[in-house]
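Heads up: the structure comes next, in structure tokens.
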Amino acid sequence: MIKAKPFDFPYDGNLDPAATALIVIDMQHDFLSVDGYFAKQGYDPSPLRAILPTVSKLISACRAAGIRVIHTRQGYRADLADMTPYERWRRKRSGMDGTDVLVRGSPGFEIVPEIDVRSEDIIVDKTCNGAFTYTDLEHILHAQDVTHLLFAGCTTDVCVHTTLREACDRNFQCLTIADACASGDQYAHEAALHMVTVENGIFGTLSDSSAVLKALSEL
Amino acid sequence: MIKAKPFDFPYDGNLDPAATALIVIDMQHDFLSVDGYFAKQGYDPSPLRAILPTVSKLISACRAAGIRVIHTRQGYRADLADMTPYERWRRKRSGMDGTDVLVRGSPGFEIVPEIDVRSEDIIVDKTCNGAFTYTDLEHILHAQDVTHLLFAGCTTDVCVHTTLREACDRNFQCLTIADACASGDQYAHEAALHMVTVENGIFGTLSDSSAVLKALSEL
Amino acid sequence: MIKAKPFDFPYDGNLDPAATALIVIDMQHDFLSVDGYFAKQGYDPSPLRAILPTVSKLISACRAAGIRVIHTRQGYRADLADMTPYERWRRKRSGMDGTDVLVRGSPGFEIVPEIDVRSEDIIVDKTCNGAFTYTDLEHILHAQDVTHLLFAGCTTDVCVHTTLREACDRNFQCLTIADACASGDQYAHEAALHMVTVENGIFGTLSDSSAVLKALSEL
Amino acid sequence: MIKAKPFDFPYDGNLDPAATALIVIDMQHDFLSVDGYFAKQGYDPSPLRAILPTVSKLISACRAAGIRVIHTRQGYRADLADMTPYERWRRKRSGMDGTDVLVRGSPGFEIVPEIDVRSEDIIVDKTCNGAFTYTDLEHILHAQDVTHLLFAGCTTDVCVHTTLREACDRNFQCLTIADACASGDQYAHEAALHMVTVENGIFGTLSDSSAVLKALSEL
């Protein structure tokens, strides 16, 4: 059982590693690097880099506890078949015309080397902010009998929160790990964490890495 | 064209009423009434009631302009077949055990009378926060050739934002009308509006009712 | 365990009533009546009526065994918001212009009285042939922890098979009950049953009512 | 306009190459080769090889006409995260235990060299029989403003038909090209083609390559 707000996780006290996955959202060069997509949008990626040690500790602890690690990567298909005229216009408007940011196969698309991606991990590539939309994430989770999700990664307010909302609507039990999530917009980051707990846990539960690590060590 | 941030809506200047719908989220007794679900969760529904005149004005103006009006209603199926043990536990925890709040067919499920629901409007009932999940909303929008969505209703941070995120991920062009949305949590409300515009419009565009009404009057 | 082809159901021998549902597809006036949609399309509904006693026996036996009964109903929304111009054209072409066949709320939409629909049953209305598309069926099945599905109803080649295919792709364990399914096109009916078993059970398993009733009686 | 049954395609006479895609289903070694998945299941892949010239002619003609070509490939993820215990059991039962048939990255997963796959084509990998389920196919089609689909490939009764059914339920206008589809089971193949036309075109329209090539040449 992990100490959390507005109630401990999972609600029934049954923390089963085999039924749990850690979802690490979009820890890619395009978000964490000083010349990636996120920096080009005008954001300082420092807060995203700052969570690397925490995310790494969680990944190790989850692996040791038998919890599956799932990484998501944000990016358009290499053939750009999923990029609309509107998105092309937005890229142009943000000065990314002709670049390969957020495109699969480009260097920026790769997960940063500080994150230890292992062959036994699962990687899900997505075009949408929500990792459940037009991907096989839900298929995988059901195939693996995973019903409980721990959320880490970036950015808290965009891809973490959209995926979290999708997971809650599909009845997965969710815990967001506050200090393992980050955004370039501190106000949006903090508000996104707060939103998890509105209406007495409408988007599940909120905790931090120390509580998660403690619970995992006691399994 | 509607004046909006971070860019005007729609981005290509082509505001076509036949391709546009106003989505009015969850303006139900359960959210707006002093004895509904939302009040039972400890929230003051006053801010939700305060947007009623604005939402009503928008509905009238949209109808006059030939823009379809879609209302969503939040609630479990009357047979409760979509309610999980977890959700039963959460209801009990919030003192809603044995009540019929947020259940289809109950008085609280109905849209408040201040909202003028017409027979030519479309009503979509949902269990999830996101109106696209396990409903026919997307089916209807495609059948109606609707590609552009204006968002109003409550609550900004939960059901409006989840539905908005789903719509963006499905490539609908979206505009959130700030003063036509409300939440019982003012911090979450304001942050949710702010989030629309992060990453130069990751969740589309943000405007207010006066800009929308002005644009509609000029059509 | 139910005797079936190409292997018994479920494959692991664990027939758990609480995890199983009987899906009864579209046993509505519009398909079974002499003046319904199906008859208007030129089909003889007699084979559909002929399975009524078998379907009824299965429903009773499933109820007695603690297996949930789910009925689907085919029909456009009463507001016709989900009907495309193409579908309007097809209706006109088939002489159904201006009629209310296959529309929710019309008499033809109702399940025939020979089918004993109880308040504890679950009813899912659909516009598509597949009951998983733009409905809450999957949401309900997961909420009820149902993983195994028994298929009955009509028509074998269209709505039964489309829903069966969707269920298999979503990793539900499926059994089609041959003599509890029917179509107005005997060739298509028989071929649809045959297709269940191709590639050594690509769409699950095929059995008949006597084998199902026998297995349920032994539970 | 393409001559077809039960009515010509598209129904409104507006054959727009930019809004049309040719979907070529699963023309992979695993289905067409004498030592692939399909042969291991006991089927003779000759009928699948026999359509290669026809499919190739269609691909060329579609390209020349400005119609997008989309190839699907059937196969589990390389990490097997989407393979259930049931599917492992079925593989074992069919003597495919420990093999890499139907796994992404294996030689059998590749499209056969007779099919001219170009860099401007779109490739969609899928685990399910239906190419719309847990993939980005629908996302791509909407992003490309594709509303009309021509179906070719294998097998007619399984992956072609499941994808066709999904496409119809999502309101795509569909044409199945009879002599460009094949199955190892001739009875199932012919019945699947017949099913397209039941209920006056419940799964769209049915034609053959000569009619398609003629219409494309007249564009």
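Going in written order, the chains are labelled A, B, C and D, and every chain counts its residues from 1.
In this section, a contact is a pair of C-beta atoms (placed from the backbone, for glycine too) under 8 Å apart; a residue touches a chain by one contact, two chains touch by 3 or more.
The chain lineup, named per UniProt: A, B, C, D = Cysteine hydrolase.
Bear in mind the structure is a predicted one, so any value in this text is a computation, not a measurement.
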Note: chains that touch subunit A (Cysteine hydrolase) and subunit C (Cysteine hydrolase) both are B, D
Chain centres computed over CA atoms; the one at greatest distance from subunit C (Cysteine hydrolase) is chain A
Distance in whole angstrom between the CA centres of subunit B (Cysteine hydrolase) and subunit D (Cysteine hydrolase) is 39
Rounded to the nearest Å, the gap separating the Cα centres of subunit C (Cysteine hydrolase) and subunit D (Cysteine hydrolase) is 26
Here the gap between subunit A (Cysteine hydrolase) and subunit D (Cysteine hydrolase), centre to centre from mean Cα coordinates and rounded to Å, is 34
Each of the following residues of subunit D (Cysteine hydrolase) touches two or more other chains, namely 84, 128, 133-134, 139, 143, 170-171
Contact graph of the chains (line, ring, star, complete, other): complete
In their shared complex, subunit D (Cysteine hydrolase) is touched by residues of subunit C (Cysteine hydrolase) numbered 7, 11-12, 38, 41-43, 84, 86, 89-90, 93-94, 128-130, 133-134, 157-158, 161-162, 165-166, 168-171, 173, 185, 187-188, 191-192, 194-195, 198-202
The answer for subunit C (Cysteine hydrolase) against subunit A (Cysteine hydrolase) in the complex is residues 139, 142-143, 170-171
In the complex, the residues of subunit A (Cysteine hydrolase) that touch subunit D (Cysteine hydrolase) are 77, 79, 81-84, 119-120, 122-123, 127-128, 133-136, 138-140, 143-144
